[in-house]
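These are the structures in question, set out in turn.
Here chain A shows up in two complexes: once beside chain B, once beside chain C.
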Partner chain A sequence: MVLHKYGEKLYAGLESTMTWRLKEISKSIEAAQGGLFLEELNTKWMDHNKALQMIRDILMYMDRTYVPQSRRTPVHELGLNLWRDHIIHSPMIHSRLLDTLLDLIHRERMGEMINRGLMRSITKMLMDLGAAVYQDDFEKPFLEVSASFYSGESQEFIECCDCGDYLKKSERRLNEEMERVSHYLDAGTETKITSVVEKEMIANHMHRLVHMENSGLVNMLVDDKYDDLARMYNLFRRVSDGLSTIRYVMTSYLRETGKQLVTDPERLKDPVEFVQRLLNEKDKHDKIINVAFGNDKTFQNALNSSFEYFINLNNRSPEFISLYVDDKLRKGLKGATEEDVEVILDKVMMLFRYLQEKDVFEKYYKQHLAKRLLSGKTVSDDAERSMIVKLKTECGYQFTSKLEGMFTDMKTSQDTMIDFYAKKSEELGDGPTLDVHILTTGSWPTQPCPPCNLPTEILAICDKFRSYYLGTHSGRRLTWQTNMGTADIKATFGKGQKHELNVSTYQMCVLMLFNSTDGLTYKDIEQDTAIPASDLKRCLQSLACVKGKNVLRKEPMSKDISEDDTFYFNDKFTSKLVKVKIGTVVAQKESEPEKQETRQRVEEDRKPQIEAAIVRIMKSRRVLDHNSIVAEVTKQLQARFMPNPVVIKKRIESLIEREFLERDKADRKLYRYLA
Partner chain B sequence: MAGSAAKRKSDFSTLPKTKSRKPRGSGGPGPTRGVSKEIERIDHLFYTYADSSSGMIDPEGIETLCSHLEVPHTDARILMLAWKMGCEKQGYFTLDEWRSGLKALRADSISKLKKAFPELVQEVTRPSNFQDFYPYAFRYCLTEDKKKCIEIPVACELLNLVLGLQFRSQVDKLVNYLKYQSEYKVINMDQWMGFLRFCNEINFPSLDNYDSDLAWPLILDNFVEWLRENKS
Partner chain C sequence: MEGIVSAFSNNNTREGLAEFSQAIDRMEGLRDAIFNDIPKLMSTLDLDDALRFSIFYDFVFFISRENGQKNISVQRAVVAWRMVLSGRFRLLDRWCNFVEKYQRYNITEDVWQQLLAFSRCVNEDLEGYDPTGAWPVLVDDFVEHMHRNYSSCDCSSAMESQLSISNTFGGINPLPG
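== the complex of A and B ==
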């Protein structure tokens, strides 16, 4: 027919025949009842497809010649278009089809089993009719209905579920939707439907979820609910601001609890416990971030900044951290393996990094290290050195040079003593043994302190050592730090029992007085020994007032030492131990006045550092405004401490007074460097 | 008359800075008879008050002078006179200083000196002169060698004296504060200059243009903080 120029007639005939046929079909589909509707539609669609294929094959010639020439729609496409117009868009079918589909999906959401194969065929049919048909006639209404469904459901859930359950439910819904797409919807729908669920179930309820009473984020953190936390992280990550919401709540929680921790006066009583708590807290949250938050960098930063914030709220933190190390290096590490020691020290270093006043830490560390070294209390030389290396890596050579100097002194002293005894042993005879630590001034936290009057026996050997030492090292000065030494003395008591007493140098001086007499007043002792009053009181207290160690007897009996007391040698002293260690009553933690003093020394030490920084900056910049100086000085010094802006201002004024700087005559903001 | 007097003054307005010890009047070209007569009278007046052994008018002499001038010896005008004379040491006038000062004031008798005071006050108050007079007042109070600061009570007196007229309310508050605070025992030149700058540049009592981030001496930061606290 095409060859005989009847192409148009043939095409028109095909169109009208097909239209007529489809109208028939549509009637039969419309007639299908209830559940059969979809099946009927599907069967007819299959038939139509098959028929269409055949028609296309038969009319292939027309399809190839007439159709392109006269710009008609190709046969197959024509068939689909007619199907679309007469079946899918037929008023009786169109809305019924959509309602049926949505109803089925709803039923599936409610837990019913539906015929997924059929669903897939239908959605595929819609896709075959063109993406626009799928989107307009199914996807769009589907998303709208889903949104209202999840909006309602989430409202219901949030009223009756706790946060963990809610998240579980949301997660399940999300997975269901994804599964649904993979089974019988077009793949392109996935992102659309998941974003609907995310918005309705998560984004809209984010704040309420996070802050939910008794089960929100804070409770999860407190109870280490890794699964719930991970779920929250993964769900919230899908919506904008989700993670920042979690982070914000976590940060404020950390700051609040941290603040309570470091400012609770109860906690401050035991520095070791205090630091241990900080470490535990850090471990706990490190683990949460690692396990539940996928080691998210932004969360690690939030954790770090929170710790830095609250650790520095308590100005005793540097002291306490040093005390913690002291405790570990004295006894805590006994029996620990090298790796364990490293782990502990690394953790301490982590806290150290948070400190703003690293110079204060250095001050205390020096004091504590000196005590450890001089009393021989350090358990592991390797651990000590490892700690120094860590500090050096963190803060540079200058920070640790004095600490290292202390170790060198210890070693040199040992060699010196061996040499001293090797050379002078015959000269010394049977007298007391002397062990001298020669401390380089400046490296050690020594304070000038007038030496007390040593017993003559000791004085003799001290003088011998002095002449030996100055003989081998000319040009040095040797002063005795009698406030830092210890002594082992043998004592025989009333019934002939012998004990070895481990005491401080001061205590030894006091005890030796009782070799020649039985009773002495406080005034006598003070005069004979020339020990500073506060030290003397402390040392007498430990000799006379501590049960089980009271080698002296005091009259009148009382807890405290007064200047009118009289002391007697305690004949009746007994102890199960042969060696008795008499400690001085010394507070491990600094007392308030000591703390003030250390503080003051730190402040004094900072002044030249701040001034040097100002001069360095001004020398290169010549003219600079006040705020920039403060900012630059802070930047230069913050590795060691946070300079207070007021202190910086004072230093600037001092430099103005000494004519290093001047104020600009015209501009109130500026300072000028005077070369 | 007033115009010519002003001109004369300005001729000598830089005089205190030079701290010259040379007698100005006699060294000038062609001293007329009137001038030398004037110098004679000025010198005569000097010796009326000078201590014969030291050759200077000492504190006692100044007190006598003040009583003749009928002003208290702690009056600002005496300080201004010292400035005009370029006087170097507190409580002592040398002959050279006396000559240059009185010549510049055209005064060779007590009554003329008394009459010259109002003009002197006006002269000092002119901003350009005041910038010189104000630090001079501070230096004048450094009674010992190498002394760089003045004690708080002295500083308060001095503030009253030199700024009291122009900045009454600021000075009252500042003096109150200086007496109240315990951080500072002395005032240095930098802080002293800061006070003047504060009075000149800061709106008072609103203080709305005071910014402690600028390069103010700390003592003024504290003062302003104290003012703001006390206000509320």
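== the complex of A and C ==
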């Protein structure tokens, strides 16, 4: 027919025949009852497809020649269009189809089983008819209905569920929707429907969820609910501002609890416990971020900044952290393996990194290390050195040079003592053994302190050592730090029992007085030993007032030492131990005045550092305004401490006075460097 | 006398000033005589011009220095300030009292010079003071002291002014209903 120029007739005939046929079909579909409606539609669709294929094959020639020439719709597409117009868009079917589909989905959401295969066929039909048909006639209304469904459901959940349950339900719903898409909807619908669920179930209730009483984010953090937290993280990640909401709440919670922790006066009583708590807190949240938040960098940063914030709220933190290390290196690490030690020290370093006043830490660390070294109380030399190496990598050579100097001194002292005894053993006879630590002035936190009067026996050997040492090292000065030494003395008590007493040098001096007499007044002792009053009182207290260690007897009996007391050798002293340690110099939390003193020393030490920084900066910049100098100095020094702007200003004034700097004549805020 | 001031202002190198200072000290009592004559000197000099006054102000510090010292004692500084800034610095009295009470160290040349700048840029209520304005710490402390001690008793007057504001608003009634 096409060859005979009847193409148009043939095409028109096909179109009208097909239209007529489809109207018939539409009637039969309309007539289908209830649930059979979809099946009927589907069967007819299959038939139509099959028929369409055959028609296309039969009319292939027309499809190839006539259709392109006269710009008609190809046969197959024509069939689909007609199906769309006469079946899907027929008034009786159009809304019924949509309602049926939405009703089935709703029923499935409520837990019923539906024929997914059929659903799949129908949605595929809609897609075959063109993406526009699927979107306009199904997807859009589907999303609208879903939105209102989830808005209602989330409202209901949030009223009656706790946060964890709510999140579980949301997660399940989200998974269901994704599964639905994969089973019988077009893949393009997935992002659309999930974003509906995300918006309705999460974004709209985000704040309420996070702050939910008794089950919100804070409670989850407190109770280590890793699963719930992970769920929250994964769900909130899907919505904008979701993670920042979690982060914000977590940060303010951390800051608040951290602040309470570091400012609670109860906690300040035990520094070791204080630091342990900080470490536990850090571990706890590290684990949460690791397990539940996928090691999210932004959360790690939030955790770090929170710690940095509250650790520095308490100006004793540097001291306490040093005390914690002291405790660990004295006894806490006994029996621990090398790896354990490393782990603990690494954790301490992490806290150290948060400190703003690293120089204060250094000051305390030096004091504590000195006590450890001099009293020989270090558990492990390796651990000590490992800690120094860590500090060095963190803060550079300058920071640890003095600490390392202390170790060198200890080693040199050992060698010196061996040499001393090798050379002088004949002269010494069997008098007391002396063990001298030669400390380089400047490396050690020693305060000038007048030596006390040593017993003659000791004095003799000290003098021998002095002449030996100065003989081998010319041009040096040797002073005795009697406030830092220790002594082991053997004593025989009333019933002939012998004990070895481990005491400080001061205590030794006091005890030696009782070799020649039985009773001495406080005044006598003070006069004979010349020990500073506060030290003497402390030392007498530990000799006479501590139960089980009272090698002296005091009259009258009381807890405190007064200047009118008299002391006697305690004949009746007994102890199960052969070796009795009396009042060892354990590093302790500083008292308030001591703390003030250390603080003042730190402030003094900072002045030259600040001035040096100012001069360095001005030397290279020549002219700079006040606020830039303050900013630069702060930048240069913040690795060690946070310089106070007022102090910086005072240093600038001092430099002006000493004519290192001058103010610019025209602009008084500018400073000039005077070479 | 005026010759001395111009000799001072012509000598603008450090060495020159040091020499000049030694020259004055060679005549016994001259320094004190000049110091005591500052009010008289001020009446004879024309100090209306700000620049000329600055020079004179710096001269007063120069002449106040004793025994070749770089700085001047608080006592002497206060006497000098009361002479030279009288009528030129509204907070002069409070400043002097504050310095006498709290300043333990001598007054440096920088503080001396900056006070003049300070007196020129703030008014009675310390308006115009910029806390980040590189003022010497003593000036910062003074401002803080003023805020602490005078803001409390200024409360009543602040209340009054607020009252009068609300009254004017009531009269105009900008938002009817």
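Quick note on the criterion: the second predicted complex is superposed on the first by the 670 of 675 C-alpha atoms of A that agree within 3 Å, B and C clash if a C-alpha of one lies under 4 Å from a C-alpha of the other, contacts with A are read in each partner's own complex, and residues count from 1 in each chain.
Here, a residue touches a chain if its C-beta (ideal position, glycine included) is under 8 Å from a C-beta of that chain, and two chains touch if they have at least 3 such contacts.
Every value quoted in this text rests on a predicted model; they were computed, and no experiment measured them.
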Exercise for review: Assess the superposed three-chain arrangement around chain A: do chain B and chain C clash, or do they fit?
Suggested key: clash
Review point. Of the partners chain B and chain C, which touch A:V646 in the superposed model: first, second, both, neither?
Key: both
Review point. Between chain B (first) and chain C (second), which does A:T393 come into contact with in this model arrangement: first, second, both, or neither?
Key: neither
Review point. Which partner does A:T433 reach: the first (chain B), the second (chain C), both, or neither?
Key: neither
Study note, to complete from the structure: Between chain B and chain C, more residues of chain A are touched by B
**Study point:** Doubly contacted chain A residues - partners chain C and chain B
**Key:** 625-627, 646, 649-650, 653, 656-657, 663, 668-669
**Study point:** Touching residues on chain A, where the partner in the complex is chain C
**Key:** 625-627, 646, 649-650, 653, 656-657, 663, 668-669
Check your understanding: Okay, in this complex, where on chain B does chain A touch?
Key -> 148, 188-191, 193, 197, 201, 213-218, 221
Study note, to complete from the structure: chain C contacts chain A in the complex at 70-71, 108-111, 113-114, 117, 132-134, 136-137, 140
Check your understanding: Touching chain B in the complex: which residues of chain A?
Key -> 625-627, 646, 649-650, 652-653, 656-657, 663-664, 668-671
